[in-house]
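What follows is a pair of complexes built around chain A, which joins chain B in one and chain C in the other.
For the complex of A and B:
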């Protein structure tokens, strides 16, 4: 909704710039950024119906599930009367569309409803898990980008060199190992055998930040390792193609140093595909985080979602899905903005 | 600083370039001697695969050493040997002392950066101009190469420009730091006919006004006739004839040059004449004279002895065993 109403001012801005006052620097900036602003407005506008669609799908899937949430909550020994009473309380005796509409209007008023267990607001539950998951995924993203991209650029520029050969072998090994297995091996090695890092255990971000960071190291590495390998391979392939282009030779003919060449020309030209991949990896990392959080006993939205799904706690499942979907969409938008900056040729399409 | 008076701006001696992919290096350019003086435009003419581009690029050491390598000879810039120069010093030569224009302006400009940025690169690297001064210099350069409305163009990306304008940008990049030597590798091949003439004219006039020594490689004798002072004809990795442009066109001394001239449209009435046969594949040169298998004047002796590039007149040399006895036809004869 905010997206649709946000369209008005943007269009007005663009209109103002093309109206002929292009000489002023501020207006020139708007004029240059107009395609970008239009794209952002369009994407934000699409995001809202998309989120509705996602929530509707999850709602539909959960409603055709044979498990009765009321029975699951009350346990096997509950009387039919108490089950029926709870069904009425939760609104489960109403029609599917009616329930969905109720939920949706709740969302429109800024609430995601309450958990069916303990009547805790879903937003509170999510906000309890969010810091852990955000630190986990964000750290894994940064680690992935910081290792995968520079290594890929360098190896791609110098194909067949030492770095390239070694990194290729490591990447092949890394891609072959599943995350949960890596997580277990890391625990065995670093915390059980060597005792240098804590293994499992709840993470408190409010406490000593150093302790919190130590708790995060193993899970972050477990999540990031396969992604680093994938991103490295993508970046290397792109950089290898760019390194052979005529314009790289032109830059060399101008006397540029190999380091500047890599840092400016090759990087900007080669990063479109890796950045797109990184955006997709975010969604995947959030998914993997659910598994890794369970392995390490961390209290993030991944483990909250898993628990909610196992106990048929529909409001919590919906809330987590909605938040995750919004984050993934935001990541895609950031990817598109990055692509807009990196590939000027693709701007006007 | 009087060295420029007697020393050639760029001189190439005994140059041998070899393909090194897999196993032993295979020589594809052999024994090339060339020199260009200040204010002089030299045309390096030959078919695809004759080694003209390799020769011109070897001077800048921009060849990929994993594929091609300079295996012998020397390249001197005002007497300074370039082939043994450390890479860091060579970088100060590229762009600063030798400017290079590449063949295809569609692929030779970076699609991700504005032309202003790309022009600025060399200036930032080689001069100590301030940001504002460099920007002014970029605008000045765009005007110099005949691009209208530089203030708008400077912030545009290559895909927003026409082929001719892109080649003008390439030229502006090559001359940005006022190099003493300009190498243009097939600068007009990728352009349409009307644009070709304008670009050639531009290169020639810049060469004169900026007093550069210029090497233009081309397979188009029309290009040579228009702008070059001197011509070197390459065939199968060798220079077969070298002379002033008039000499070469009116009094060719090598059968290959004669055949090339005969295959120019408009030189002779009637059907265009081609040269029968194919040029030898790189590195698989025939014994003796490399042109002998296709030469209408070849004698058995031609395939036995290696002809030397011999001086037949002041500023005219040819690589033909029968040069003295042959009466070859030039244009206008």
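For the complex of A and C:
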């Protein structure tokens, strides 16, 4: 199935490009991009059944769970009649296959079902949280890449010495820190004691952008800190391996400046592993953002999922899980495209 | 001290002792890291022992509330002071650490039990099954561990064990991938072919050859997962998704402490520092193991 969907667009493009004689550059572009497009199409083709599988598993597992969402929603003092009535209302008295089919046909019509509280569409809830989570995670990723990669490259090119040892120890400690605790300590230091940054509260992106940015500093730093340390260590290790290669030694012996050495011979090879890690970190950051959002009182999709989990609001949690999984799959694809450009050797695999 | 180093051959460089004397600074640093790993192991074992022996120690009951003694600083009776309900902070920290370690262990065991056997099997057999199972683990990997744990709470209610099982499931793809790669590489090696042609059964081959080959990578992965398990437990219990009061875990202690952040910051700092210490110990032990089992010299 994925093979067929993979060939479709490529064949069409090749056909279009070879139609005229003057289309030579375009043809070359297509030749270069064809395997990449095939990869993209194949991955998208795999992603859809995988997401269906994920949603099916959630439904299947929820059907074997002994916890009754209707009882959780109504509370301890609910009468059996009202519980039964709510179960009927939510469709919980039907078989899980039946419920899953209902949900899946809802997805086919562009929805993710409704919340069990107030019947709000799950997509509406998620779209309310997305801007906050996107700005949070995107800023954390940029911070991670901008700090982690250059520091790691620098350290990997010149290992040894006091600075390197201290940086490594700091990175090890940073990796051991729970993000939400970092957020708490930063709130204590920067907003409670020193009063230089705003305290907890929801983010308003429509207002003053400077205020919004100031509001995001603590959660972004808290999310990024351990990831910076992880990325630093990964970049340092791969730069160190590359810096030991014979061709780098030869270039160094020839008197090349460290900067041109890094730019022309080390960076591209040394970046494959860090870029892969950065792709994986996106998923971790979305998970961690759920915790930090809750600490900081931000209304992102993570804190929406946490609230929904605390109230057994399964449709909302399932929606957030699926949106997250889709985003992570997309990030993995982007990572593979980046690797494709950085490491020609890996193109065939 | 150098005699305590395992005598290992480094390609082209001689044994550890020779490298130590010839290579100077670089090797001294890797040696120092080994020692750091040893210190980390001792500290970790000490903490585990302390949490297990806590009921025998002359400490207050971790859940006993003495409201008149609440929010005290360190005293002779309460070495680390008391919390907002007058409970002994040290006793609570020890009880909490035990729950956190147990939770991390649950996640790690689930990850290993799910990933390793399946990975070894598909790695050995290959073929279509391998492709399908690998895609399934890809699907699992697309869900962040914490997100999966949050989903498990939505399904099973606020309990720590299902949440930590979910964290373990989220980590199983790493174990799967490592074991599968090792099994698939080893199954193509000549000596496995040889033992197969001599009529040894496949399970036997797995145990005698592959486990030995993959063990070192697995140990490092296990400690990484365990360290993450500690952090994940803290995050989940902090959000109220894990351990329920009055039981204490390092995360749930932070929940009540966060409200008092302004007046009693020590209640927030202490559990956090214990979490960092535990995660740091595990990662340092892991680093030392990685060094001991890696063949490359110098690139660290």
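Quick note on the criterion: the second predicted complex is superposed on the first by the 314 of 349 C-alpha atoms of A that agree within 3 Å, B and C clash if a C-alpha of one lies under 4 Å from a C-alpha of the other, contacts with A are read in each partner's own complex, and residues count from 1 in each chain.
In this text, contacts are C-beta pairs under 8 Å (C-beta built on N, C-alpha and C of every residue); 3 or more make two chains touch, one makes a residue touch a chain.
Remember, predicted model here, so these are calculated numbers, not experimental data.
In the superposition on chain A, A:306 contacts chain C only, with no contact to chain B. With both complexes placed on chain A, chain A has more residues touched by C than by the other of chain B and chain C.
Look at A:344: by the touch rule set out above, it reaches chain B but stays clear of chain C. Legend: residue contacts after superposition of the two complexes on their common chain; A:211 is shown touching neither chain B nor chain C. In the superposed model, A:317 lies in contact with chain C only, and not with chain B. When the shared chain is aligned, no partner comes close enough to touch A:94: not chain B, not chain C.
In the superposed model, A:295 makes contact with chain C only, not with chain B. Chain A residues in contact with chain B (one complex) as well as with chain C (other complex) are 160.
The touching residues of chain B, counted against chain A in their complex, run 60, 62, 66, 91-96, 99-100, 102, 104, 107-114, 118, 121-122, 125-126, 157, 159, 170, 173-174, 176.
Contacts from chain A toward chain B in the complex involve residues 160, 245-247, 249-257, 265, 268-269, 342-345. Across the complex, chain C is touched by residues 46, 50-51, 53-54, 58, 61-62, 65-67, 72, 159-160, 165, 172-173, 175-181, 184-185, 187-188, 192, 237, 240-241, 244, 283-284, 286-288, 290-291, 294-295, 302, 305-306, 308-310, 312-314, 317-318, 320-321, 324-325, 328-329, 332 of chain A. Taken together, the chain C residues at the contact with chain A in this complex read 25-26, 29, 135-136, 138-139, 142-148, 150-151, 153-158, 227, 231, 234-235, 238-241, 251, 254, 258, 261-262, 265, 268-269, 271-272, 275-280, 283-284, 287, 298-300.
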